[in-house]
Amino acid sequence: MAESKEKDWRFKLHEVIYESNKPAGKVFDVALLIAILTSIIVVMLDSVVSIHKQYGTLFSHLEWIFSILFTIEYILRLICIKKPLSYVLSPLGIIDLLALIPSYLSIFFIGAQSLLVFRALRLLRVFRIFKLGHFLTEINFLTQALKGSVRKISIFLLTVLTLVVILGSIMYLVEQRENGFSNIPESIYWAIVTITTVGYGDISPVTPIGKFVASVVMLIGYAIIAVPTGILTHDLAMASRLKKELPESCPSCSREGHDTDAEFCKFCGAPLFRD
Amino acid sequence: MAESKEKDWRFKLHEVIYESNKPAGKVFDVALLIAILTSIIVVMLDSVVSIHKQYGTLFSHLEWIFSILFTIEYILRLICIKKPLSYVLSPLGIIDLLALIPSYLSIFFIGAQSLLVFRALRLLRVFRIFKLGHFLTEINFLTQALKGSVRKISIFLLTVLTLVVILGSIMYLVEQRENGFSNIPESIYWAIVTITTVGYGDISPVTPIGKFVASVVMLIGYAIIAVPTGILTHDLAMASRLKKELPESCPSCSREGHDTDAEFCKFCGAPLFRD
Amino acid sequence: MAESKEKDWRFKLHEVIYESNKPAGKVFDVALLIAILTSIIVVMLDSVVSIHKQYGTLFSHLEWIFSILFTIEYILRLICIKKPLSYVLSPLGIIDLLALIPSYLSIFFIGAQSLLVFRALRLLRVFRIFKLGHFLTEINFLTQALKGSVRKISIFLLTVLTLVVILGSIMYLVEQRENGFSNIPESIYWAIVTITTVGYGDISPVTPIGKFVASVVMLIGYAIIAVPTGILTHDLAMASRLKKELPESCPSCSREGHDTDAEFCKFCGAPLFRD
Amino acid sequence: MAESKEKDWRFKLHEVIYESNKPAGKVFDVALLIAILTSIIVVMLDSVVSIHKQYGTLFSHLEWIFSILFTIEYILRLICIKKPLSYVLSPLGIIDLLALIPSYLSIFFIGAQSLLVFRALRLLRVFRIFKLGHFLTEINFLTQALKGSVRKISIFLLTVLTLVVILGSIMYLVEQRENGFSNIPESIYWAIVTITTVGYGDISPVTPIGKFVASVVMLIGYAIIAVPTGILTHDLAMASRLKKELPESCPSCSREGHDTDAEFCKFCGAPLFRD
């Protein structure tokens, strides 16, 4: 009897923590989101010198409350799941752990103070929000298209990196160690700033030949930005064709949330496609 | 008889104010557009110190004339429509009201002076211009595609915001409170400036490691700009397929302005599609 | 007899000047291109103070030689064509005339000196180069797609202009006449610099609220750049579908250069499409 | 017998150097990649003054070791291939030679010191990496799409160059030799910086009219960036249609690496397409 009761308790906890489509789970997820965002804002404000001077102690207390809360949450997640290890090793589990460690490290090591910045990783947990809305179809669709683009995009990035090294070296030769182009890595940094059309202006060509080379770099950057866009658009169209125009809701029971490779409704078993 | 006359008067006024495809309505709309644009230009010029000194009084007189004219127009709109409340609560009605309030507030409150800037909201009324041209089909088409992209674009924006917070925090750690990276919000501002390829150059990395991290941020920004473009292009194609190549004019009576989901001409009832 | 001889002479001249697919016409076109480019380079170099001091007299002589050559060419074009007025009023004819006038104006008016810059308009004549290559199919295809996008792009531009006026006004309010946001037109200029992701950095926000608003403007600019791209890509696909995969060369006589709306080969009359 | 032995030896060497799908060839290619990258990093670090002072002699020794290694590799490539001249004149062969020459030139000429920068060209050899992964299908696909876009992209680039010359000349006229717009080439450089949305801010308009012209240039640049993207996306779709959805692996023997125009598997002869 006692064991069954315990089972009940763990089952209920699992429902609250992991099942966001149940009312209790929804409330838990929303509360967790608010806690994460608040803790991030505390980290941010604490880095502002003037605010830190006034509210520093409050912030460090709040930080500890959040750290303890997230630790309790992490332990509860481990307790109520059947296979705790698979959670610990899942991407979300690793992020949850990474976001916890810095606070505890700062007790033992003084140098670990700077690690506190890694608490910003907590923000990654915000992606849980998509469990609340029905964004899974869109996420699946986007990740599938991105997966299809990975090889083409990596060819593109290698080409850009090669271009940037060569153009940076030429510029180093042209501007002759003056005007900020003091060494090749610096010139490559300039080439990246230019080819991506960011253009800080911290380093910019001064000599006429330098300006001519820079113009060529800019026009190259302007033209090749079309490449990743073209690739992705094309692969979205491919992913979409594979999807066979998946209906957002089942045509017979009208419930949503089917996988992109589903052929039949997972709720009522009716076929999802007409033809 | 008197009532019928009054009805006639209100009916005619309704035609002038609301029906831009009638000659009188067209004239009214064009006059309104000119008034709106002139009043915006007055607001702009009045903000320039040197011009304000010379023509300040003229401008404030003009402002009051425009305010009174737009108030009269607003009252006339309320009078001649059957359901005044639905106009007041419509997006265009809210904008019309918001653009009126600041002028009157400035009489009672001196601090409200700065609210005068909100008169720029009048510009939103310029979108009425599209009633004059036959832009409705294109607007419907674009809004439909944008609606289809909302979920995917919001996933993209959340990803960018998360990236920006994490990259900003890393940069704060790397550049050590110097060179403008004085706190995390400031570093996040820098990350946004960089990832969107704006690149003011008011804050830019100085240390070699900072420049390396910045290069990574730039290349990320350069690559992921493809994502919203790819999404929108794809959804425009989807919207276009749904449109079934909607004819701009009915094939039997050749009148235009049909909704994107119309199957039959709303003027003569003939089917809009051939097959 | 004399008249027939004159006819011959004019006919031959017409061939040289207007028909770039004949050998003589090709030579003339290439010579003209070189003359145009050289005259442009002379205008450019003459604007550099140090070079002007050394070669100023040479340049002004060259300028007069080019002006006289182009005048002779213009007169010859008028003589050998059947309908001179239709050439004068054609886009190319207007550009040819506009590029001639400044040189002659500078004799009578001293203030017209600055008009000499309009000689850069001669560069527009470079587009004649496309007559030499077989670029007409591509140009027709691109212009057709751009024509299809005109309405959608103008809706987009009006939206951007409205956004820029409103965001600029808000920024003027937020930054309070300091930091370069000295009046609304200046703030609108900043908003354009930011939303187009150019980001000079001549004006950039200083207050925290200003930086927040700027971040929003940047993210808007980053997201809406997708809109014109999406529209154009979509309309290129539409134009391509209308083109029915036009063969570059006729399937029976294999000659190229057909119009995009051609159904039959204009050289041998065979149908251009298989099905 | 001796000749057969020699044949064996050259055949084996050919396998190691040219056939990256054999184990020995893979090891050689990976080793070569590491050597190239290391030599590039040495060139980069050597350009940093502070590092050069400390490790300058080490770097120059390393440089000579790499130069000799690459020379030996180049000679081996010539020996073990049947037609050495076709390798020397191939793009990869030219790059290999170009990357060797600077080191040897620096012995005879002291001025050739600056040519050492051309050793960065070695990086182009990194593209051999794609032989290791199965990237050939993607590269073929991308180059085919880019080939289809060449004409349209060159029309686009000529239009941009014309725009930039005319807009730069107008700006030179408007800003009157002040504020960095000191001559037409300088103003054209500014126009390129602006229209490509790079925006260094080293030259930026100061007068109100100048700012207005700049705003127009920016909006043009913002709108026409859509053109190359639209073109490429469209041509990727065309290339993809031509590809007839080429399977990455043969349906009967499941081996990969087929050309984009292959109809039958080059390994087992089975047709690559189902229908």
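Letters A, B, C and D mark the chains as written, and numbering starts fresh at 1 in each.
The definition used in the following text is that a contact is a pair of C-beta atoms (placed from the backbone, for glycine too) under 8 Å apart; a residue touches a chain by one contact, two chains touch by 3 or more.
Bear in mind the structure is a predicted one, so any value in this text is a computation, not a measurement.
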{"item": "Other chains in touch with both chain B and chain C", "value": "A, D"}
{"item": "Farthest chain relative to chain B (centres taken as mean CA coordinates)", "value": "D"}
{"item": "Proportion of interface numbers common to chain A and chain B (over half same, under half different)", "value": "different"}
{"item": "Chain B-chain D separation of Cα centroids, rounded to whole Å", "value": "43"}
{"item": "Distance between chain centroids, defined by C-alpha means - chain C, chain D (Å)", "value": "30"}
{"item": "Per-residue overlap in chain C, given as positions that touch at least 2 other chains", "value": "185, 188, 197-201, 225, 229, 231, 233, 237"}
{"item": "Chain A residues touching chain D - in the complex, by the definition given at the top", "value": "151-152, 155, 158, 162, 165-166, 169-170, 172-173, 182-185, 188, 194, 197-201, 204, 208, 211-212, 214-215, 218-219, 221-223, 225-227, 229-231, 233-234, 237-238"}
{"item": "Chain B residues within the chain D interface of the complex", "value": "197-201, 229, 233"}
{"item": "List of chain B residues in touch with chain C within their complex", "value": "40, 43-45, 47-49, 114, 117-118, 120-121, 123-124, 126-127, 129-130, 133, 135, 138-139, 141-142, 145, 153, 156-157, 160, 185-186, 188-189, 192-193, 195-202, 225, 228-229, 231-233, 235-237, 240"}
